[in-house]
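Here come two complexes built around chain A, the first alongside chain B, the second alongside chain C.
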Partner chain A sequence: MMNWRALPRAGVAAAALLIVVPPFLPGWILFVLTKAMFMFIAVMGVSVLLRGGLLTFGHALYYATGAYAVGFCVKWLGVRELIFLIPLGALAGFIMAALVGVVMARYREVFFAMLNLAFSMMLFGALLKLYWVTGGTDGLAIGTATLAGIRLTGDSFGYYYFSLAMVGIVTLVVYRFMASPAGYFLRAMYDNEIRIEYSGVAVRQVVYRTYLLAGTLGGVAGVLAAFTIGHIVPEDAFWIQSGEFVFVALLGGFGGVPGPMLGALVFEFLQTYASKYFPLAWQMMMGIIMLLIILFQPGGLWAIYQRIEARLTGKDRGGDHH
Partner chain B sequence: MRKISTSGILSFALGALAAGAMAFGAAAAPPKGAPKALKVAFVDFFSGGAAVFGVSGKGTSEWVVAKWNKEGGIGGVPIDLVLVDEGGGPKKQVSELRRLVLDEKVDAVVGYTSSGNCLAIAPVAEELKVLTVVHVCGTHRLTEDNKLKYVFRTASNQAADSVSLARYVLSVKPDLKTIAGANEDYAWGRDSWEAFKIAIQRLKPDVKVVAELWTKFQAGEYSAEISRLLAARPDAIHSSFWGGGLITFIKQAGPRGLFDQSLVALSTGEQVLQNVGKSMPDGVIAAPRATAGFFALEGAPGHKAFVEAIYKHNKRYPDYPAYRTYQAWAGLKGAYEKAIADAGRWPTTEEVIKAFEGLSWETPSGTVAMRSDHQAVHGGLVGVTKFSKEHGFAILENIVHHKAEDINPPLGTKTLDWVRAIK
Partner chain C sequence: MNLLTIIFFDAINYAATLFLLSVGLTVVFGVMRILNVSHGGIYALGAYMGTWLALWVLEVDLPPVLTYLMLLLGALIVGFLLGPIIERLLLRRIYGSDMHIQLLLTFSILLILDDGMKLIWGMEPLFISEPYSMLGRFKVGGIIYPWYDFVLVGVAVVFGAALVWMVRATRFGKLVIAVIADREVSQAIGINVNLIFTVAFTVGALAAALGGAFVAPKIAVVPQFALEVVVLAFAVIAIGGMGSIEGAAIGAIVVSFARALAIHLAPEVELMAVYLIMILVLVVRPQGLFGEVELRRI
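So, the complex of A and B:
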């Protein structure tokens, strides 16, 4: 809970860095940062669910829903306008979550994780099978986005700052949600679900609402991803993609907003450098890092920062005679 | 007489001078403006199921780059090889390509086996203005859906595999009545079967399709499909299974007599011959995706030396990924050398592109010709399996070499339109 309150200071610093530094970075690093932005939004959905103790191995369902909503708009309508497609992706994710969530709200723990996995794999199968519509494994070409008619290539500053703006909006929405009764009950659910029921709140409602939020975020992330990469494939709905979201949530720490952001940034750079320096064993390097995090830092990278901060502020307090 | 001798001496001196100049030129400093090294990335699968292709491609790249560097590189400039894994999907590859160009500053990229990946990176390569030579990826969409300037494909597209199989099947079995297909349920399998079926029915309109089976990607378990194929009793079966999936299919279908009952045609069959050993029955039609075979050495000069060198380096005879990898590297080298000769100095990427278009170059798999749409065409062989005691596995016999124009659509014609009208 402290994590959510800890944001303002760390959040302002992080936002400032993300706004000011990119123009001074080489182009390819800007692109890695842009990838981290949509990764963050998708991981935020997974993290919100994890706050309530709900682990999903199928969040790529929403991510792919957003991505293919863009894919079909490009294919059939030739529309690449972000002002139209971001809300559309959000809506697609929301509707998908509204449907699937009816089932999901009844399940917890491993059943919740596996049912999500099942639904995402159903979408994966459909995207693969409906070859004539989806292009099968060859996927769909997306092309370049426009924002109010202005072309924004996936590696441009304009697109990066647009993604960053989306991150800002998502952060605000998640804060509002976590500060709402549903948010408080969600965290309480993590500790004891039955006690919430006894206090007169329908847990199923809490789960359903959280699920809607997570699905919507997944849809938005999918839209941003489609234009960043410029090409979408059924693997966007595959379990490995879902696993990647969970990986990043655990890597950064799912306690608040800073954890997933840190996780997304570190993940993207890790992947880039792992394949640069270990072209034949980059996947193994990622696995080893995951193992180390789980074994020695179960709270994620953000917990390391918090520990350092706590030590520093502890000393400060000592000096201030609070 | 004196006169003659003078001119004789003169011409000898001139000749010696010219020879000296040539020898000097060959060994001398690279052309003006040349970089210290030509940095080229090779991208292929070193992880996952498709690593069976990538490992062969990697070995061939390492061998060819080392060989050329010993011989003076490209126009006197050595090649600096950077290896990149193609695993991780389009998302990763698009990002990797940016890193290669903007961070590692590669001059060119060779690679891409997966169609999903080559379709995804092509627009990015165009945007980054990096010379990209696609070596294996087979989808016709690469050159037909995109207007390419910086991206070239140095191998025939997938239709060449299907059409050459269709032609061969009909030459072996002119009275063909029924066919069936067993292919993987993704773009490669769908496109392969589609082109084969249309080609067969175009060449012999009364042929009927009795079964169309779609298996999961690299399923590894085919008993239900084999049962259906045994029950359908088609005269011929087409399959574009590859790698591990194809190996298990052969091992499962062989003992059940599928190969005795029907004439089976495998579009990537040649690639697994060295893996399946004695499990491969005789009389199965197999092809090396429109390239050559290490067992068919007549024809292209230098083929025997290539096969021996690759066998020594890769501990495996060259299979189609090896041939196609060589085609890509040799095309890149040819384009650079022509551009150097044309410009009289180290060329710009745009000059290399100009030299690449319309270039023909010799490879162990024959002559490869690059067209103005950046799609290369070349001929290829098809044969039937026959166990070879000398090798310890089956090789191909009754080999037919198809000419480029018989298995590739002409310039400007869409692949499927061409298949629908082949003669």
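So, the complex of A and C:
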């Protein structure tokens, strides 16, 4: 079982804020927050992999899989029911991860990162070329979701709280995974993979399971994103999308749950302002921030917060980095 | 018969492009064990700079022959400027770090370069065809081929041979091989490892910029082709064996034949053919066709 007392106070406070405050916020902030929710779920997948030292440049593969699973359901069946589509997106991500993971579990480091990228670019190419199915560059219109028959537009309170509930479930699942043997071995893998193998653990199994989890989360994020934005395009599978996931993981710090959440919130606000004031320099901004974080603050924003907290409370609780 | 000739020429042609595009990546990886994701950015910048200078030559009515010189000059400027700057200022700080940190650092350089090019040259494609059309065409087996493509193959062969000669036959090459074999021991016996790294990275950057500049007249230079270039280059060197110059050549030939066959026989799968071959090769022979099995160190 979970030890609720072990949760960081800031995390509890942040969760309370995310539940209580939105009704008092202007609509555009609510929309940005909703986008941060699916971003968080996708980034959680990237972060879990990163905790084992596995970097992927192709996580948009799963995000787009989830999004297009919704797209096809809307296009052919006219189904927009979240109760049906969330599990379907998760399943689509899971199946894709189960297939690609067979290859991926054999690789580490550079190969893992680049093979993921290659797979996602293959999907991007397919989405672009098979236009009679996928709508090509125009993408697919998604429309408004229903939850148990009730319509929820992408910028409504109802949809926000639904996304938040999904975030809660994902957080629980990730906590459970990290507390399972596979989760422990994953973190140990970061330090020394061969030693784990010598202790009799099939490292490939650990990688495979983690990959399944990450892919499933990507699928769920894709479903939420499709209804938030209301429109899906092949760029959902493009490398820039994958790059953004990695960027957010690094920005917030991928050591725990609060890091990616903080990263996702900061990212969505940054992007909102950047697209208004520097639409052409957004990637450059991401690049510069990423450089600064790598060189000067490897734990991301969450590590900065922890240092401040430690100084305020006068004790060093130690970082929970990977 | 005719179709086969076309496929053959297309493949040889494209192999030259691919080789120029990926040889720098393999050199940097071979010496420094870093996959330089920003390679594609340097390649694209070489293409932009070369094309831009060559267009300037045409604009001020200098003899069009000078465009070749300008392509070369653009590549040299980009390579000699960016190579040392990136290596000295940024990469040097993360040599001891985890692989994912190194990848992310070069990835962030790519993001910066990619947008930087958009800010400087805008979203409109740059296009220069004079260096391409000036050389004229030749006829072989009933097919008309541009001489420029032929010259490009020559450039690729000469460049590759020069690199192999540098590694195999010069004192510098021997030092490089020593550094590859064991960084610490090399340092201990007095080899300036830092200098070797700077030179190796600059050679890699130069190769990328040269490739970009000389391929540019064949294509329209558009924003955001930087990363596709890295993925393709990675596929090439992964197939051939990462860190091997000969491997890059073999990889380029394998990929280009696959692509030429795909284009002429099944156009829909063009993009996928490259990646499918890469995955196939890596599943059967993870170290690539020419790569050496790396011993795992505990």
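Everything below uses one rule, namely that the second predicted complex is superposed on the first by the 295 of 322 C-alpha atoms of A that agree within 3 Å, B and C clash if a C-alpha of one lies under 4 Å from a C-alpha of the other, contacts with A are read in each partner's own complex, and residues count from 1 in each chain.
The criterion applied here is as follows: a contact is a pair of C-beta atoms (placed from the backbone, for glycine too) under 8 Å apart; a residue touches a chain by one contact, two chains touch by 3 or more.
All figures in this text were calculated on a predicted structure; none of them were measured in a lab.
By the touch criterion defined above, A:E109 reaches chain C but does not reach chain B.
Using the contact criterion defined above for the overlaid structures, shared-chain residue A:L55 touches chain C, although it does not reach chain B.
Looking at the shared chain after the overlay, A:G136 reaches chain B, while chain C stays out of its contact range.
Within the superposed three-chain model, A:E235 lies in touch with chain B and out of touch with chain C [touch as defined at top].
When the shared chain is aligned, chain B comes close enough to touch A:D155, but chain C does not.
Touch criterion not met for A:A145: it reaches neither chain B nor chain C. Contacts of A:P279 after superposition: chain B is touched, whereas chain C is not reached. In the superposition on chain A, contact is made by A:A225 with chain B only, not with chain C.
Note: residues 129, 280, 282-283 of chain A belong to the chain B contact set and to the chain C contact set alike, using the contact criterion stated above. Only residues 50, 53-55, 57, 103, 106-107, 109-111, 113-115, 117-119, 121-122, 125-126, 129, 192, 194-195, 239, 243, 246, 250, 280-284, 286-288, 290-291, 294-295, 298 of chain A touch chain C when the two sit together in their complex.
Chain A contributes residues 26-28, 31-32, 35, 128-129, 131, 135-139, 141, 143, 153-155, 225, 229-233, 235-236, 268, 271-272, 275-276, 279-280, 282-283 to its touches with chain B in the complex.
Chain C meets chain A in the complex at residues 35, 90, 93-94, 98-101, 103-105, 107-112, 114-116, 118-119, 227-228, 231, 234-235, 238, 242, 268, 271-272, 275, 278-279, 282-283, 286, 296, 298. Put simply, chain B touches chain A in their complex at residues 46-47, 83-85, 87-92, 94-96, 98-99, 101-104, 115-116, 119-120, 123-124, 127, 139, 141, 145, 185-188, 190, 217.
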